[in-house]
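Shown below is the structure under consideration.
Each chain gets a letter, A, B, C and D, in the order it is written, and its residues are counted from 1.
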Amino acid sequence: MMSVDQYLPILGLLILGVLFGAGSLVMSAMLAPRKRPSDAKLAPYECGIVPEIEPPARFPVRFYLVAMIFVIFDIEVVFLYPFAVVFRQLGVFGLVEILTFSVTVFGALLFLVSEGALSWGPVKHLVAGMPSRTSSSTIVRINSDSDQAA
Amino acid sequence: MISLSPTAPPGVITSEGLAADLCCFPTPDQYFALISSFRDDGFEMCVDVCGVDYLEHFDRWLPDGVAPSRFEVVVNLLSLSKKQRVRVRVQAGNDSPEVDSLFTLYPGTEAMEREAFDLLGILFTNHPDLTRILMPEEWEGHPLRKDYGAGRVPVQFKESPGPR
Amino acid sequence: MSDPTIRTAERIELLTAETSEGAQELQRRESTPTNELGREVGAVLRLDGLTLDPTSVDFDRRDDETMIINMGPSHPSTHGVLRLMLELDGEFVLRTKPVIGYLHTGMEKTGEELSYIQGATNVTRMDYLSPVINELCFSMAVEKLLDIEVPARAVWIRMLMSELNRISSHLVWMATNGMDLGASSMMIYGLRERELILALFEKTAGLRLNLNYVRPGGVAADLPDGWQDDVLVICDTIFARTFEYDELLTGQPIFRNRMIGVAPLTAEEALALGVTGPLLRSTGVAWDLRRAMPYLAYDEVDFDVIVGTYGDNFDRYAIRLNEIRESIRIVRQCIEKMPSGDYRSQDSKVTPPPRARIGESMEALIHHFKLFTEGFHVPAGEVYSAVESPRGEIGCYIVSDGGPKPYRLHVRGPSFVNLQAVSLLMRGGSMSDTITVISTIDPVMGEVDR
Amino acid sequence: MALEDLQHNFLTGPIEDLVRWARRASVWPASFGLACCAIEMMATGGADFDLARYGMEVFRNSPRQADLMIVAGRVSQKMAPVLRQVYDQMMEPKWVISMGVCASTGGLFNNYAIVQGVDQIVPVDVYAPGCPPSPETLMHAILTLHEQIRTGEIMKRRSEGRPVHVDPTQGLWTPEVPVAVRVGTPK
C-alpha cells in the first residue's frame, strides 16, 4: 500500500495538466469572437503584400539540417533535467557521469561544425587580408590644405 | 566655377546658363554622342535626368537655332576631377517625346529615366525596364504633365457648396 | 473587408490584384529580358566601356529552386515604405529589385502650385531627417534666379543650422542602424541626444521638425538670445557621447561580423551609378560638395572630409560617426565667427516689411499683403543648385516663367539614386546582410518618392 | 456566448471592467511608420517621451501581435491597399490612431497622389492633429484612446470595420458606403 501514495503526486500532476489543457480550450471557445476570419486575415502576411508568385514547394536542404541539429541538441538538454534534481545525492559519481555525457555530445557538435553543416556557404564578403579596423583607423581625413582631388 | 574647358563637339549649340554653368542644346540625334563625348571628357557622374513639360511656357528663352518643343529632357553631368557641372537640355518632341536612354553610358540613370517616363510620359529607347516607378501600375495618364488635373479634392469649407 | 457575395477563391485574387504592381515587380527569370535581368543582378558597367554581360553571373539556380519574397512596404528595417523584392536561394540573395513609390506625395506637382514664399514648406517635407538642408537647397536656387545677396549673418546662421541638422540626421542613422543590428540601446542613446538639437530647433523656429526656417532671402527669424551656450552644451555633450557610441558598437563581435567586409562597393561602380554622399566617400572618392564646390561660407571654415578605404558597411558607419565630430567642429567655428547684422536681406522685393512698420505706413501694409498673397515674381530662367545633405548631393532644379510660382520644381534626391545601388550591393550576400545594406545606404523614403 | 455578445448585467459587469482595464494598459502599437510623423513616433518611443510608461514600449512589427495601428504619415494611392491589408490582418480588438494631418485629411498635399484622409480606408478611432504632431500631442491622442477603451464597448460593435467613404466629386462625407480601397485616378 505504501507504494501507492508514492505515485499520488504524479496522478495530481496528470489531472492538473488535463485540467489546464481542457480549461484553456473551453475558455477560448467561449470567449473568442464568433466572426469567421476574413480571407484577408487568412492570407499570408508578407509585409502587407498578398504575393502572386506561390512560394516553391522545394526549399534548400540546409534549412532542414539546421532544424534537425537543433532538435538533437534540444533533446540532450532534456536529459539534464532529471540529473539536476538529484545531482546532490549522486555526488562525484553523478558529476563524472554527466561530464562524459556532455563530452560525447560536444564531440558530436564539433564534428557537425567541422563538416560544415552550420556554415551557410559562400557569402560574398571582403575578408581576405583585412587588418583589424577601428572606426578611426579605417577612414582617411582630408583637410582643406592637402585637398587631394578625387 | 573654374575654367569652362569642356569643349562641346561641333554643331552643338551651347550657351552660358546662370552661375556660369555650361548649357548644351543638342538635337535628339546628337544627344547620345554628346553625352558619351562628355563622359570620355572626364564627366564621371550623371547626377540627374529630369523631364520638363513646356506646354504653358512655350516661348521660353532658347539660343537661336534651337527649335522649341513641348517636352524637354534635362541631363546634369558632373566632373569630379574638374569640379564642374554641365547641363544638357534636349528638345524631346511634342506629343510622343522620345529620346535614347543613357543606360549604357551611366547605369545610374535607369531609375531617373523611369521616373521621367512615369511622371511625364517621355519614352527612352532601349531602356532595360521602362515601367512605372512611382505611380501604381494601372494608373492612367502622366501626373506631372501640365494638362493633367491636380486631382484636388474640394476642401470642405472653401469650394464645397454651402448648405443654402 | 470580406464581402460575402464573392467566393473565397475570387476574394484572394481580388486582394492579390489590389496589392500587386505588375510589371514593376520582380518576375521569374525566364520572363525577364536579359538587360533587366542584368540590372537586377547588379551587373554594373565598368567605366572603360565593358558592355553589360548578364551571363557573367557566377552561380545561378533554376526558377523552381529559388524563392521570390517581398521585403515589403511595412517592414521594420526598411526605413520607411521601401519594398524590396528578393529572389532567394535559401539564405542567399540572387536578385533584388526595389519597388518604390509607396510614399509618392506628388510634391513636384504641389510645388508648382505654391508660391516661392510657400515653396520651402513643401520642400522641407521631402527629406524629413534633414529639413533645413532641403530648404537651403531650394532657397539657394531661388536666390540664384533672383540673384540677390544674402547678408553675412544669414549665411552663417544657415550653415550653423544645416550642420546641426546633419548631426541630428546622423544621430537618427546611428539609432536605427543600431536597432537594425539588434543593439536597441543604441536607439535610445541616439534619440536621446537628438532631443537636445530638436529643443534648440524648437526654440529658434518654433517646430521640432519640418521647420520652415530657411527662406529665399535669408532666415525666418534671428537666433534666440543666449543661443551660444545652448549650442556649446550640445557640442560638448554630443562630442563626448560619440566616443561612447564608438565603444558600444565598434568592438562588438556581432556588429563587426555583420558590418566588416559586407557589401563592398568600388569607386568606379559608385561613379557609374551616380551614387553620392557617405556611400561614395566610403569607396575612397573624396567628393564632398562642401569642400569641392563650397557654398555658403564653407571655404572660411576648417573641417575634414572623411573618406573610407574598403567601401564596405563598416566604412560607411565610420564615415558617419566621424562626420558627426566634423560637424561639431564646424558648429564651434560658427559660434566664434557669427557676424552681427540683419538676418534677412533688406531687398524689399523678397522680404516683407517688419510687422512694426505695417501699423504705420500704408505702402508697407500693401507691400506686406501683396508679398504674402501673390508672392514675389522671379525672373524667367532655369537654375540647378546642389547642396551636400547627410545622404549625398541634393539638387534643386527650378524653371521659372517670370510668375510668382515655379513653373517646374525638380529635386534630385540623393537617396533615390543611392537606392539603385541596392541590387549590386546585395548580390551574393545573405538575407541578414540586406538589413545592414539598407541601413548603411540610409534611404529616406520621403525624398526617394517625392 | 462570446465576449462580443456578452449581456451587460450585474454578473458580467466586473469581468468586463477587468478585461477593458487590462486591454487599456497593454496596447501594443504596430509600427506603421510612413513619413515624418514616423520620426516623431520614434521620438515618442524614445527615452525622453517614454511610451513605455503606458505599457506600449514594444512596437510590434507584425500585425498579428499588434492591437493599435498608428498611421504615421501620408498615405499614398499606392500604399492604400497595403494599409487596408495590414489592417485586415490585425487581430481583434484593434484600434487606429490617424497621426498627423496628412493621415487625417491629406494635409498639405491636396493632390492626386495622397488619399485625402485615411478614414476612407480604415475606420479611425482617434485623430492626432499637427504636422508632425509633437510627442506630447501623440501621447494625448493615445491617452484619449485609452479612455475610449476603458469606458467604451468591450468589443467594437460599430459598423463592423466599414469606414466612411469620401466621394471626391462632392467632397462631403457619405458614410455607410463600402470601402474604396483604391480611390482610383481622379478625372
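The working rule: a contact is a pair of C-beta atoms (placed from the backbone, for glycine too) under 8 Å apart; a residue touches a chain by one contact, two chains touch by 3 or more.
Everything numeric in this text was worked out from a predicted model, so none of it was measured.
Between the contact lists of chain A and chain B, the overlap consists of C, D. When the C-beta contacts at C-D and at A-D are tallied, the pair with the greater total is C-D.
Rounded to whole angstrom units, the spacing between the C-alpha centres of chain C and chain D is 28.
Distance between chain A and chain D, defined via averaged C-alpha coordinates, is recorded as 35 Å. Chain B and chain C have centres, each the mean of its CA atoms, that are 22 Å apart.
Rounded to a whole number, the gap between the C-alpha centres of chain A and chain C is 38 angstrom. Counting partners per residue, chain A has 38, 40, 43, 48-50, 149-150 as the residues that reach two or more other chains. Listed for chain D are residues 77-78, 82, 84-86, 88, 110-113, 182, each touching two or more other chains. Listed for chain C are residues 1, 15, 18-21, 72-75, 101, 104, 106, 109, 285, 287, 449, each touching two or more other chains. For chain D in complex with chain A, the touching residues are 1-5, 62-64, 82-86, 88-89, 92, 155.
Chain C makes touch with chain B in their complex at residues 20-24, 33, 35-36, 38-39, 44-45, 47, 51-52, 100-101, 104, 106, 108-109, 113, 144-145, 147, 271-276, 285, 287, 292-293, 380-386, 393, 395, 397, 399, 401, 407-408, 410, 412, 416-417, 419-420, 449-450. Chain contact summary for the complex, chain D toward chain B: residues 77-78, 106, 110-113, 116, 166, 168, 170-172, 182, 185-187. For chain B in complex with chain D, the residues that touch the partner chain are 135-136, 139-141, 143, 148-156, 159-160.
Those residues of chain B lying in contact with chain C across their complex are 17-19, 21, 44-48, 50, 52-53, 56-57, 60-61, 74, 76, 80, 83, 85, 87, 103-112, 115, 119, 126, 128-129, 131-138, 143-144, 150-151.
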